[in-house]
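There are structures below to look over.
In the two assemblies presented below, chain A is common to both, partnered first by chain B and then by chain C.
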Partner chain A sequence: MDKLAEAFVIALRLIFTGDPVVMEITLRTLTVSASSTVIACLIFIPLGCVLHFARFPGRGFLIGTIQAFYSMPTVFAGLLIFLLLSRTGPLGELRLLFTTRAIVIAQVFLVAPVILGLIISALKGVDGQAADTVRALGASPMQTAGVLLFEARFAVLSAFLMGFGRVISEVGAAMMVGGNIAGRTRTLTTAISLGIGRGEVAESIALGIILMTLALLVSFMVHLSGLRKA
Partner chain B sequence: MRLELRNVYRAFGGKRVLSDVSLTVEQGDFCALIGPTGCGKTTLLRISDLLDTPDSGRVLLDGVDCAGCRGRGRTMIRRRASMVMQRPFMLSGTVEKNIRFGPGVRGKRLTGDEVAEVLAATGLTGMEGRNARTLSGGEMQKVAIARAVVTKPELLFLDEPFNSVDQGAKPELRTLVGRLHREMGMTVLMATHDLADALALSNRTAVLSDGRLMQAGETGPVFGNPANLFVASFIGMKNIIPVAFENQEAVAGELNIHIAEKAEGNGFIHIPPEVITISLERPDSSQRNAFNALITHIEETPMYDTVHLRTGGLALQAVVTPQSTGHLGLQRNSRVWISFKATSVRILA
Partner chain C sequence: MLSWFRYPSLVICLALLFSGCGEQPGPAVSDPAPVEPGVYPPRERAERLLIATTTSLYDTGLWAYMEPMFEEMYSVELDILYAGTGKAMEWGMRGDVDVIVVHDRAREEAFIADGYGISRTPFAYNFFVIVGPPADPAGIRDIEPQLAFTVLYENATVPFISRGDESGTHAQEKRLWGAACLDYDTVRASGAWYVEAAAGMGPTLNMANEMGGYALADIATFLAYQGDVDLEIIIGSGDAMRNVYAVIPLSNARNPEMAGNMVNFLTSSEVQELIGAYGVVEWGRQLFTPCAGQEL
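Right after this comes the complex of A and B.
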């Protein structure tokens, strides 16, 4: 028990003195997670708009399938991207495996269903009369989508935050395609899960506190954006 | 802009909503599209405004078939028209933002004076900074009208524009729509189930029932001379008479009918059947309007009898109790006196 308390005190000191390793891992995690979420949003918000407005056979089934993949296991995303990027895989030439870029790719794939699904429901949540009204006032399809996204901006923000929350706390994909390489691909989650096995208790606790704080912050912001309906 | 629909069909999931609808609205016309709820009015408007595509048939705008237009071309054509929806959806933000939206998507930024002008024209002066979502139903509908007309549409679609406003706000909005049409001269197609709206505003009326066009033509004849039983029964209101107003009289056929208000030009009056009194002798002068009439038919029901009369070239109906029918000895082809007060005559204009 004493040892644990001691480790906890060291952990706090690591955080508040700005330990370079802890800071480096935190910063990398934030950068990777933000990149993944932003890239996923850039791809999947427009795609969500297309799926919302387009009418084609099997659309309902497709949207249902997307929502079923919300809880895609992170190691599954990691496995798929690993196979894609491994030396013998179709994209092996790019030599991306065990880089932060590989983590970003795997995480984009991981949050794709979440972002897509939440954007579609965000647009669905806008007044049914909105699209017709905006189009009737002369908006092009692009302008219409823009207005609807703006009208649903708090739900869109929620989708972004939920995506961010999912990637910052996932360990499977980052571990499989990142490899937890110190100083290169180590993130908060991979550092904690492997650090504890190596006896780096204090460091793991420090990283854990930071991760928990970030995750709570994101959840709190999701809650706040959910409260705004205007 | 001239609108012409030719043989338009539309079905949703196997349910036929419009069947072989052909309708022409000439440049500058105010055409009322009347019919019961669910008869396809909104679908017809959405197809006309290129918000929806017919399964077959043509939508000609100034003679050009636009039904199949896609992409940029469709948007550009739609920008020459505008539409006010049944339930106004306000963009989040201020009234001014809503007003600026239409010109904005066309790449035009309104000046402050232009905004003030349209606000004044629609009775919204001073409201530009208000949050559009906190307005009353009537105010929202005014904003919806203002943001539609600010784009100077050549063709304006109104889908039950007075439906979501309370009765008190309705006359003002109706006057507003009539004035905007007169001043701007655009072609208007207005869906409504309220016949008074059609009579007050339109010069042409089209009657839609169950996705089929029953009758279309000048408003007076459509109301005065329904083409078929549906139109007649839908119109429902009895004793609507097209008249020419001369001071405090309404001239209809050979009759000069005293009315309580001064009016000018042409219009319609409505004499509710229940205000007409039937007597065998000419009534005394306290009843201002008295005409000799011929009974053409008596429709009997347990509660009341409807007496169909003909006088001075007009067909009128009066409602009496079965006791009165017996007491007065009313029967087909007999002559009676009908009378009603000038104040009972409703002017529809």
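Right after this comes the complex of A and C.
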């Protein structure tokens, strides 16, 4: 018990003295996670709109499949992107493996179903009359989507935050395609994983506290954006 | 109450969103790896050498110590990945790393025979040890390692924690079962006493500590963990327990010359001396014995 308390004290000291390694890892984690989520939103919000409006056979099945992929295991996403980026893989020549960009790619892939699915539900949640009214006023499909997204803005925001929460806390993909290289691809989760393996309890707790704080902040914001909608 | 919350939360959301956008080029800046082959950004150490090293050399901090020296000496960005021998070789076969540092001679020779590696150069060794609870419940203290394994198998009550991860230490364990005239697969399936951690040396030691069992470990990692676990060396040293680390530059390294530099670096007299002295201050004894030039 003493050891645990001691570890907490060291952890808090590491955080509040701005330990350069801890800060560097935290900053990298934020950068990578934010990049992944923003890129995923830029790609998959428009795609979600297309899927919402399009009518084609198998659409319901496709949406169901997307929702099933919400719980895609992170190591599985990591493995697929590893095989894609490995030198003998299809994109091996880009030499992206073991870089932060590789982590971003894996995380975009990981979070794609979550964002797609949530955007589709968000649009579905908007009053059907709104779409009809906008269309009746002569809006193009693009403008209609814009209006609906605006109507559903809080649901869209929570999709973004949910996505961010998923990528910032995942370890499987970051470990597999990033390689946990010190000063280069080490993130909060991979650093914690290494710290635990090495028996560096205090450092792991410090990084865990930072990660939990960030995750709490995000879930708090999801909650608040939900309240606003109500 | 609610309205009080609204404004700051929105500000935080926006701040997060924009910090994300603003930092988006971050990975690109901090990442000198060229996207297009042959087009290097004009900066020092634009070149990158990827090395996969066995966890024992990584976890003892030896690589963190040598990394800046190598980077300074050859003006290169050295990126160090840690993995067991099996995984390091897998990366090597796929061409994802340039150099590997591993410890399993039989597999190293096969790796080179298969054309993946150029040469095998031993540069340091230490010893494997069998560690266990100080009370030594199986009564194997200081007996021959293969005899100890026989006792553990016949006893079948005290847990033995295996790395179970195709690492060099795992390979040594399999050799010891062989030396004890026991079939590894039979041992593996012989009951709950045989535990496969499927993890690195540190987690395996932690598991042995929690379960009050024995484990095969390299002496360097064990010394580094000794303070955190209630385990001690039950069987140490002996020539059969020698643990030789070798460096292998890969045949398809992106920069074969730089990969070769790593071999020269590790076998140079300065670095050899440094490896021999490493850990003496912190752990009170030598962790690795330098052995460049010896046939091990």
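Quick note on the criterion: the second predicted complex is superposed on the first by the 229 of 230 C-alpha atoms of A that agree within 3 Å, B and C clash if a C-alpha of one lies under 4 Å from a C-alpha of the other, contacts with A are read in each partner's own complex, and residues count from 1 in each chain.
The criterion applied here is as follows: a residue touches a chain if its C-beta (ideal position, glycine included) is under 8 Å from a C-beta of that chain, and two chains touch if they have at least 3 such contacts.
The model shown is predicted, which means the values in this text are computed figures rather than measured ones.
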When chain B and chain C are modelled together on chain A, clash or fit: fit
Which superposed partner A:A34 touches (first chain B, second chain C, both, neither): second
Touched partner set for A:Q67, first chain B, second chain C, both or neither: neither
Partner chain(s) touched by A:A130 [first = chain B, second = chain C, both, neither]: first
Contact breadth on chain A, by residue count: chain C or chain B: C
Chain B versus chain C as contact partner of A:V104, first or second or both or neither: second
Which superposed partner A:P141 touches (first chain B, second chain C, both, neither): first
Partner chain(s) touched by A:E151 [first = chain B, second = chain C, both, neither]: first
Which of chain B and chain C A:S121 touches, first, second, both or neither: neither
Lowest C-alpha to C-alpha distance for chain C against chain B (Å): 17
Interface residues of chain A shared between complexes with chain B and chain C: none
Touching residues on chain C, where the partner in the complex is chain A: 2, 5-6, 9, 12-13, 16-17, 19-21, 23-24, 26-28, 30-31, 33-35, 37, 50, 59, 64, 79-82, 94-96, 199-200, 202-203, 206, 224-225, 228-229, 252, 254
Residues of chain A defined as touching chain B within the complex: 127, 129-130, 132-141, 143, 147, 150-151, 230
Touching residues (chain side chain B, partner chain A) in the complex: 46, 49, 51, 71-72, 75, 78-79, 81-83, 85, 87-89, 91-92, 101-102, 105-106, 133, 144, 147-148, 151, 157
Partner chain C, residues of chain A touching it in the complex: 28, 30-32, 34-35, 37-39, 86-88, 92-101, 104, 157, 160-161, 164, 179-182, 184, 196-199, 217, 220-221, 224-225, 227-228
